[in-house]
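Next come two complexes, and both contain chain A; in the first it sits with chain B, in the second with chain C.
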Partner chain A sequence: MGAENTTISIQELFMLMFLFEIGSTTLFALGIDAKQDAWLVILVALIIGLAFIWVYTELQRKFPEQNYIEIIISILGRGFGIPLALLYAVYWLWPAARNLREFGELITIVALPEESLAAILFLFILLSLYVLLSGIEVLGRTSLITLPIVLIFMLSIFILIYLSGVADFNNIRPIMANGIKPVLKTAYPNVAIFPFGEILICSMFWCYTEEEKLIRKTAMLVIILSGLLLSFTLFFDVSVLGDYYTSVTRIPLLRIIRVVDVGILTNIDIIGIVIIFLGGFYKMSIFLYGVARVVATVFNVKNYSRLLTITGFFLLWVAIVFEPSYVFHRWMTPFDTNYFYITFLHIIPLLLLFINWIKERINILSEG
Partner chain B sequence: MLSLHQLKGMMKMNRRSISLLLLLLLVVNLTACAGKREMDELGIVGLTAVDWDPKQQKYEIMVQVIVPSRAGGGMGGSNIQLWNATATGKTLMRASKNLRSRVSKKLVWFHSNLIIIGEQAAKKGLKDIIDFFARNKEIRYNSWVLISEYPIRETLESNPRFEGSLPSEIQGLIENNKTDWSESYSINLKDMLIRLADDDFDEITGRLTNHRPQLAPEGTYEQLDLVKDVPVDLRDVIALSGAAVLKDGKLKGWLDRVESKGYLFIADEIEGGAIVEYSKEKEKFSAEILSNKSKLKPEFKNGKVSFKLEVKTDVAITEAITKLDLTKSEDIELLQKDLAKEVKKYIETTLKTAQQEYNADIFGYGNAIYRSYPKKWEEIKDDWDQIFPTVVTDIKVEIIVKRLGMISQPITKPQ
Partner chain C sequence: MSKKMKRPLTIEEKKRKDEEEVLERLEEKYLNDIDINNLKVYSSLEKNLVYLEALFSKASDFNTRKFKLGDEEVKATLVYVQGIVNKGFINDTILRELMIVSRNQDLKLSRSYSNLIDLIEDRLLTMGTIERRDEFTTIIDDMLCGHAVLLIDGYDEAISIPIPTREVRNVAEPETESVVRGPREGFVESIDINLSLVRGRIKTPDLKFESFRLGRVSKTDITVAYIEGIAPQDLIDEVLNRVKRIDIDIVNESGIIEQLIEDDPFSPFPQISNTERPDGVASSLNEGRVSIFVDGTPFVLVMPSVFVHFLQANEDYYQRFFFSSFVRMLRFVAFLVALLGPSVYIAITTFHQEMIPTKLLLSIVASRAGVPFPALVEALIMEIAFEFLREAGIRLPKTVGQAVSIVGALVVGEAAVQAGLVSQAMVIVVALTGIASFMIPAYSFALGVRLIRFGVMFLAASWGMFGITFAVLALLIHLCSLRTFGVPYLSPITPVDWEALKDSFIKVPEWFKNSRPSYLVKDDNQRIASNVKPSPAKGDDEDE
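Right, the complex of A and B next:
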């Protein structure tokens, strides 16, 4: 399965990126550090996210036929490009492993408490490999079915919660009690990076679409829509649970689903689990695909299927071994967002664009 | 779309990996039915009750369990097997583990929607207890949390009268209170959690009492026969009456039914069915509330906080023993003023009890200040306990008589 004959339609790209953005955000109360302004934080982060989408797609526009790693190598040359590309592989393996782990934990908590974590993760990877071995375009096509399911479920949760009369919109007030500072602080870097910045990995397959001109528009639309959805989720989380309990509860979405009580519609946890699971599946799969693609690009690997399988199982190993517990996981989160993520997702792409701009200038000058 | 040719190529390439995957899928079988739960192995908890034994310094946990295998021995399923199980322990988890050592079924909490807390435990503090429930993943966030006036042992020994089991009986009482009589107020676990976490909101929830029928045993003919063999002290029935007031999760005291009604007016929680009644000399009136809208607003004047409460209520006259001519608008206006005065009295009594007697901010006055004036709240929140009892509330009640009932003039004159 070489990359040469892969094509993704723009609709599939849209749906894939949308599912990627929904991803694991449903597991956390993002931006809750700003208390009841969390929904506002998301909107602010959304705007920052849009700015970086411009950066990512600008790189893509300069090198329309290449994926992100090829772009790095084109700009920096092989000497600097390849080490940086490998760093990206290592870095992307990390969120992939964490994602995998998160969803394993979720299944253990909510559905199969007596099942061993390794067995669940193993099946998860297996399913992901099964789809990815047929190529990224197959993953794209499955998203045509799954995205509507996720969206319908999400919207029905909001409607049901509203009908249950458990949402107290007073909990949202006062808006910006301590000024705009806490909102901005939480929005950048935390929320701007997770989930909006992470979309950079999609630039590993942006080059497969034939409608290159639509990439920027599509990505921006994805950021806006998923940001609005996320903001809405936080709005409901806080109005149902209050800011304090939203921040301490494990999976806010499941908690608010638990209070739904409309006639016979109670205990509909399964809807929440479907949303979380599908989001997680796509996010993890795209990360896995990205990591394997980085390695394949750098080393010019011919047998991509084998590489993908090996990467998948390596990922499984990392997910199980590198995180002793959920507590460690939560402790690690601010650390890697503040240092690693910001470097890889914001600083390096900006630098790349800048270096490329200088190179273009030099070319123009030398030609002129 | 993939063409058949491409598909074939794919199959060839991946035949090895696919067969490997299939082989690996066998692993799934090895886990068998891990985590399975058969219906006849389950004990479905209908309600959970917690109490504190000050002598032994131990928590007491009590569950009422429905056993499905026994439930509905025939098609009708009329005699559900229910039993109470109790255990004690230094911590709640200890108690619940001790409980399991006495139960041969696997206890599941998915259908439990009542948490009853005994007076002693409530006095000791709700925070520890609620922490246990909030951490447990099986407990539903919309479970009602009620405070029992008597030790839970006594409360749970009451007999359900109309329903098959005590949990559904209590649930029925709560539902009825909302729509039919509005003289109690219950909150669920989620709201309890929010209020316990907030400093600007004290807790209030329904009071569960045992009530001994004064007249001959209540019930159906069938039950009357049964009751003959039951000792008199077991004939108690359960009742929801008034509310419990807590401050920082600790029980401070009770609100009686009229005070609870006053609370509902302040908190804008009246859905219907509540009545306003009064008698003046020989005249007697009662009116049922059709709909109600209350607005609570904090105001700052000269740095002092005061509240403005506006109540707008539509009522229907249900009893009127009077000389007034209810078809005349000035007489109706007189009646409306008197009813409003009465409602104002309810509200004032409740405010007095909460502010002076218990000093518990059950109305969320602090919360309302925080929502509207976050900066000012920061200044006064540390002294809130001293400020709250002195807060003045300006009450405005407006009552509109919407209906007069099926007769427009009184049948008898007051005697």
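Right, the complex of A and C next:
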């Protein structure tokens, strides 16, 4: 259970991060503010995401044996580091709770309208605790099976939609009708942060892999592949639904699944539900793991399993109490991204790298 | 006081009490020279016999045969337990040699032998193995395992001659794992025969059999078999450690050992497989696995066994690869059907009716129209009835068993549908599920699947597909965290091992399976020489 003897293979790391990236992103019409150019927005954001991957992995390279929180404390010292680490815990708790709540609500909306939300959230947390108590490497190993399933499902959705003949690629045109400005504006900070910036939480377990040199390559590959997949999804969303419907519909992916009509394959919603479930499960579990690990690192907690359990149920409580509805989420998103997320995901890591660089300079100067 | 008296004696205490009793009786006869702590063989034959007879009192199969040895008429006695020793050997070989041949031999001339026991060992007993014993504990153990023990007056040593015998079944085709193509021999209850069957298939001195006895009362012979150099040393040590740690009164079947050495006793999935087939054991040993033979049962344990092993049958390797791969994938589908069949039906009919194509939906609705129960209850009734039939069929004599299945399947099934208790669709689903669970070659694995099915059914009835996904993910997590003797249970799927995946859901042609599975074997991986891929003959007889 302890983190000391955990090892994650680079394959597992890849799968985990990929699932994390797919996570909830398949649900939303990301970058739809740029209308039919949403798919382009993703590609632009992808490049920004890659740049920040360089920042995150550079930090990891400087301190290969430490997780992100330990790196913060190493750079800033305990006095500044610990408060910041706790802020991170609070910040990460927020997307974790949102994620949990979102998926619970989506499940109730699309599949089980008469079931109690709390019960579903409880099952979700239970499952997540089960896997995290078995260790993050177990989560990694399960992802080796679930990622291919998710990918196969997504690809088959695209193929089936194409075969159904409902995709109208004219919906994509004209490309960049209003120039490049709206594309850039949506790409940063919104899409560059969600989903690409959020991968920072994975640096809580990057230190467990034995092939440190491959972390950067793997993370970049994940960003590129998931970005392409996402861009492809939006391309299909918009070409099937048009930009207006894509922006107003609740879950574009499910909406386009509903139009599939090939032979006896007519109502394959269930595939969508499985994708939502798996993506949400992995994303939420990784966030929960991150939060628990931050607390464990800061307070040097011995009984990690108890801490994890408490954090899990606290998360459940937060998700039920502090999140009034799914609509609230969607309304809240730009606010979150523009103020909170950008600080924690882009500004602080950059500052950390800068401070560390200065410290290194000073050391060199004082030695030389 | 009374509390203390009522406590049953522990085995140690009882043993000591018995010993004291015997020594008391000895004391009555030989008041003078008794040493309480001395459990060594006395040089007085009479004393030894008194001791043994006292120990084996009321054991009617204990036998003593008194006779005179050689010309000098030395008193000697052969003691043994009737029934477990070979009577023919005793009558025709041992006693003949000791009573008749020993006279012809000029014992007086053999001056080089001051010790009669040496003489007997070197010149008289024409047996493959004999052992010299001087402690009563070993003598008694020997006798109980089918040795005849020769005691000679004047010597404080005994000769123990192993001539065990028992009634054994003929080697026959195993009933639990029959094949269309493949060897027709199966293990029997005798461990010696079982070991010889495996030795006959692996003719290398690297094949090791480490034997010991287990069980305070049963003293069962256990043999741990492995191929040195192929099986990893830490695996062998771990198996031996776990087996030797066992302290139990009786070991009747290998299943008892299995339950005492498995990694996770609370997992519904078995982590050690069992087989009745020598070819199965041989190929497992060659894959670097370890097997445990237990005397008295034809079921041999093989470990570590991972998920894919339970969906494989020996015959897969004997048939050509197209069909084997097809069957293996079919089995995997069967595993999913057996696990999820009724649950998916419940989930779809209760929550996700829109998923069913309209025409099919209409016919399902029509068949369910008169059924008073919700789908879960309907499914539970049928599933439990099916489990009844299955268990009833196993325990009953074969002839009656068939009658039960006819009554159950045809009469009850048909009548239940006609009476409107269950729908036809449900009968089909349950029957399919049942057949699918028979597709799983490993019975112990199928048992786990049968049990989990019920849990998934409840989840499906409560939360539909969400419940099923929950159950599947939970199972997946469990399988991923499960290890058997250090090997992850889902190897080679995750952690992925491409080479070994060639022999998992599919079976590649023999010439393409280059190495032994690397999640089991660390060194010596080479399985087949390169370039053995068959191809039509080139050159000579071609008309080029």
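Following the convention adopted for this analysis, the second predicted complex is superposed on the first by the 368 of 368 C-alpha atoms of A that agree within 3 Å, B and C clash if a C-alpha of one lies under 4 Å from a C-alpha of the other, contacts with A are read in each partner's own complex, and residues count from 1 in each chain.
Here is the rule we use: a residue touches a chain if its C-beta (ideal position, glycine included) is under 8 Å from a C-beta of that chain, and two chains touch if they have at least 3 such contacts.
Just so you know, these numbers come straight off a predicted model, no measurement behind them.
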| item | value |
| --- | --- |
| Chain B versus chain C as contact partner of A:281, first or second or both or neither | second |
| Partner chain(s) touched by A:358 [first = chain B, second = chain C, both, neither] | neither |
| Which superposed partner A:241 touches (first chain B, second chain C, both, neither) | first |
| Partner chain(s) touched by A:11 [first = chain B, second = chain C, both, neither] | second |
| Partner chain(s) touched by A:170 [first = chain B, second = chain C, both, neither] | first |
| Touched partner set for A:146, first chain B, second chain C, both or neither | second |
| Partner chain in contact with A:122 - chain B first, chain C second, else both or neither | first |
| Partner chain in contact with A:131 - chain B first, chain C second, else both or neither | second |
| Chain B versus chain C as contact partner of A:310, first or second or both or neither | neither |
| Overlap of the chain B and chain C footprints on chain A, listed as residue numbers | 112, 115, 123, 130, 134, 266-267 |
| List of chain B residues in touch with chain A within their complex | 10, 13-14, 17, 21, 24-25, 27-28, 31, 34-35, 110, 137, 140-142, 188, 190, 193-194, 197-198, 367, 370-375 |
| Residues of chain A touching chain B in the complex | 1, 109-110, 112-116, 119, 122-123, 126, 129-130, 133-134, 166, 170-171, 173-174, 177-178, 240-242, 244-245, 255, 258-259, 261, 266-267, 305-306, 309 |
| Of chain C, residues touching chain A in the complex | 351-352, 354-357, 462-466, 469-470, 473-474, 476-477, 480-481, 488, 490, 493-496 |
| Chain C partner contacts - residues on chain A that touch it in the complex | 9, 11-12, 107, 111-112, 115, 120, 123, 127, 130-131, 134-135, 138-139, 141-142, 144-146, 264, 266-270, 273-274, 277-278, 281 |
